[in-house]
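Step one of this worksheet: look at the structure below.
Naming follows writing order (A, B, C and D), and every chain is counted from residue 1.
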Amino acid sequence: MDGSVDLCGVELGGPILNGSGTFDAIAARRVFGAALDREFPFDAFVSKTITLEPRAGNPPPRLWETAAGMLNSIGLPNRGLAGFLESDLPQLASLPVPLIVSVMGFSAREVAELVGAVSERAEVSLIELNVSCPNVETGLVMGADPTETAALLDVVRPLAGKPLIVKLSPNASAPEDVARAAEAHGADAVSLINTLKGTALAPGRNRPWLGGQGGGLSGPAVRPVALAQVAAVSAAIELPVIGMGGITSGAHAADFLSAGARCIAIGTESFRDPAAAGRVRADLAAIIRKEREEI
Amino acid sequence: MDGSVDLCGVELGGPILNGSGTFDAIAARRVFGAALDREFPFDAFVSKTITLEPRAGNPPPRLWETAAGMLNSIGLPNRGLAGFLESDLPQLASLPVPLIVSVMGFSAREVAELVGAVSERAEVSLIELNVSCPNVETGLVMGADPTETAALLDVVRPLAGKPLIVKLSPNASAPEDVARAAEAHGADAVSLINTLKGTALAPGRNRPWLGGQGGGLSGPAVRPVALAQVAAVSAAIELPVIGMGGITSGAHAADFLSAGARCIAIGTESFRDPAAAGRVRADLAAIIRKEREEI
Amino acid sequence: MSRAPRRTTAPFGRRAAEVTQAERLGAYVLISALDGGGPTDPVPGQFYMLATGERWGGGTDERPYLGRAFSFARARPDPGGLTLQFLLEAIGPGTARLAGLEVGDALLLVGPLGIGFDAPEAPQHALLVGGGIGVAPLLGLADSLEGAPGATLLGFRGAAHAAAGELFSSQPQIATDDGSVGAAGLVTDLLAPHLEGQALDARVYACGPPAMLEAVRALCAAAGVDAQLALESGMACGFGACFGCVVPTRDGLIRLCLDGPVLNADRLDSALVPGAGH
Amino acid sequence: MSRAPRRTTAPFGRRAAEVTQAERLGAYVLISALDGGGPTDPVPGQFYMLATGERWGGGTDERPYLGRAFSFARARPDPGGLTLQFLLEAIGPGTARLAGLEVGDALLLVGPLGIGFDAPEAPQHALLVGGGIGVAPLLGLADSLEGAPGATLLGFRGAAHAAAGELFSSQPQIATDDGSVGAAGLVTDLLAPHLEGQALDARVYACGPPAMLEAVRALCAAAGVDAQLALESGMACGFGACFGCVVPTRDGLIRLCLDGPVLNADRLDSALVPGAGH
């Protein structure tokens, strides 16, 4: 990619992020060694969502493969704010790209506390508010309707010393209305889509397969839904939009950008190929180069 | 299937319906001749949604294949109420199974007029209210939130001489809340899911492929979403539930039934194999037989 | 030859046929399969919805998912049923899977579907005009004539595609874009002289890309010659169920799978069907 | 033999290896592929995420979509890289696609991943216990020993599966459910006598279905013998990214792909991992 991208005043080498919770750079360093940093495939790194208190996450099984996609019920396992700041942040800070920290709270007060604490750290470039995770019951509330989102931002915005990305819930009647509320109440960017609510039954057993009962659907299966929501939200607001949901190729990335996204994120496709984002980036660059030549 | 199924007082030979708009029995008779009636694969037939006035539907292209699914922007082409009653109804009435007529209006008054007129016809066993079609703009309104649904039913219910099925929109924050409203305001059954809102861009052209711009996603890709909504709605209400969305096998049908559905419907899978519902029925019967033996 | 019905009824449901031959023909692949479960008299111009028995899916963008529409190129009654031939070029995930079929594999099919060509009053009245893969249904039509057609005019991109011309026994005139086989130019250049001073009972039978069909339509309209055009549009079902394959006609939108794919040219303002790309 | 590191680092990203052999072995298939892009010293017990280069997807329920985890059964440095062998049985859409690989096809892989077995102090201290497909990683372990293990005990359903026993040169004792090969009964029946009066430095290395591993764990715990168990759980990524493969241990839930798949038995209250079915 020749062109760098401005995301809320942060300059990125290109438009490709990871979806929160779909790439653990610390684990990846253990598995891939120094190659990870050398060949780092994202232009900014988004942490897995953290909460105030440590969480073990949902009981297994947590995964179910679907037609051209997957369900997960991970349930936000994380070390909690203190553990994150102490153990994870220093390691993530040494990645070769800007850092975005994803946070989620079970009340506006909790989110405010998280945002306040994370804002103080110079290693962090932006903060993403996960208000849409379908795996943790109360997570849905704040991202489900415009009024809730507005109320949350009114509390959190004044405490945030960094640009705030609001990650919208796709399980909403009109995500564009939530996006408008986010924009009006001080968000600096929005990202979407998070996973769609879904479930699967254990083969022949008449009960949910996933330990968390329900799960979130991601992967190519959801791409048409993601693209429609990204287009609708991009048309509704002026803020930069980070689009994701089933992107597996440079052509898909180009579609999301032309639907109005400023950046795109790779989620589930990284599971199939840890370096998928690098391939998407190269293919996207070739597509953009070709388009420029044709003009 | 040895067991017949009671759907709002109408006895069906089994639990398998077609999804509205995914099987045109009149066209199928032209293509398959007498074999269609002889080997009819559904236990009740649901008409394509009709409106008060004739509609040409959306401009082509209307179809886009997605990962394990498809988008459509058909736009409810139909002859209108008068044309339907005159030309289509007599032909559908001679099918070997009970008839369900799907109707949609752009106002409660329109729906009421449709329901009133259709109710008078003895050939019709049940009426389905399509309040969720994502292809026609105003269609979303009535099925998108509980209050709208309640208001619609308050107008329509008194005029309906037949059991009313409300087909819920899957593009809602909480379809179970809409289902509860439908139950409280006199619906006799609910069906779900209709298609998920989605879109696709024309290859290399940066504009929507579909003539209707947006479309509705169906097929295996949406099955986990459908199953989750069917389970949530079945848990929330006492009314019979007709479950659909990506069902392609007897095992899927069994999953939907064990998630709480009374009946299931085959939609997109009929496109791949017109007789798919017959295969699903046979496989489901075998599964049920096996389960009974194991008890 | 009297007016034969243009639609042969299909068995209800999808069935498997066994692939008996799969051969390359330049840029094309010709698949032969023995259909033991269908009628032995499909009408040239009718089509089948095809899928491979194994491994349909899993290609580019996790496709193909739906079946794909193919005119039959030839149909020959054989012991055990009807040997159907389909001519195709691998241009996407569906055609790639079909092109990968091997002898003994299962080909899933629904059909015959749609309305075929109206037979000409006499073979010599028929002017066959095919472009690219559009030659496929004309082969079946040529086979069904009890004599040589008035002309067989075929247009191709170049030599690799012109190889399909060898399938015609009716001594086709060929034009290629690059002049590598036959005349350099468009098949409509070959057609124009044939339309001059044609008897009223001549009829053009054409199949090919939208731009070619539109040129044929305009030429025939100007010359006052009847034409039957086999169109394409994106199809999900092929049997009138989805209302997805509509094309605009003078009578409004019609389902091409049900009321086509062969249409009388005078029903169309234009043969440039939206979304029927390539 | 001193403690070797249990994790060999993997190249970043997915790469293609060429299938060099694909042979049936009773109920199993043994796939050999030449990996020119990875390390030549994976640790026995480590695994790779596999997919076929073509036609992944399109099977039952439009799967497989994600890669599938496989322990390498053997690894042999060869000119051009490392020849990796994977032993598998077609039990679902993913294994079916892999079982269908032919010589020359591309096998996509990420790895080596996870933590392998801790080498025994001396070969004769190693008691290898495998059930069914679980024999795969034990083959690699047996190969890596500089001498014969103390015992190789293998359990299978019947003769078709017991064919995998032929891969072991260490004279395995075999038990089958139906008694068709070796002793009739469970592999844990064979293990029990070996645990009696074992020296403190003996160690059991086990891989197999959850119920077998749980029986091995309980037997070893009772006998006070160390055991390393190679577990399975559903995996989406294999490199710690998704947090999906967690199994309960005494220290809480751990990601099996990152901190396993080989675990010291004393970390577990039970080897009956939720959702690791068959």
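Note that a contact is a pair of C-beta atoms (placed from the backbone, for glycine too) under 8 Å apart; a residue touches a chain by one contact, two chains touch by 3 or more.
It should be emphasised that the depicted structure is a prediction, and the values quoted were computed from it without experimental measurement.
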Greatest separation from subunit C - chain, by CA centre: D
Pair sharing more residue contacts (C-beta pairs) when A-C is set against A-D: A-D
Subunit B and subunit D: spacing of chain centres that average the CA atoms, whole Å: 48
Subunit A and subunit D: spacing of chain centres that average the CA atoms, whole Å: 34
Gap in Å, rounded to a whole number, between the CA centres of subunit B and subunit A: 34
Of all residues in subunit C, the ones touching two or more other chains: 57, 61-62, 65
Of all residues in subunit A, the ones touching two or more other chains: 64, 66-69, 219-220
Topology of the chain contact graph, where touching chains are joined (line, ring, star, complete, other): complete
Subunit C residues within the subunit B interface of the complex: 7, 9-14, 51, 57, 61-67, 108, 110, 113, 233-237, 239-248, 252-253, 255, 258, 273-275
List of subunit C residues in touch with subunit D within their complex: 55-59, 62, 65
Residue ranges of subunit D in contact with subunit B within the complex: 61-62
Residues on subunit B engaged by subunit A in the complex (per definition of touch): 64, 66-69, 71, 140, 144-145, 169, 171-174, 196-201, 203, 206, 208, 214-215, 217, 219-225, 227-229, 231, 246, 251, 255, 258-259
Partner subunit D, residues of subunit A touching it in the complex: 21-24, 27-28, 30-33, 35-36, 38-39, 48, 56-57, 59-70, 72, 74, 77, 209, 211, 219-220, 268, 270-276, 278
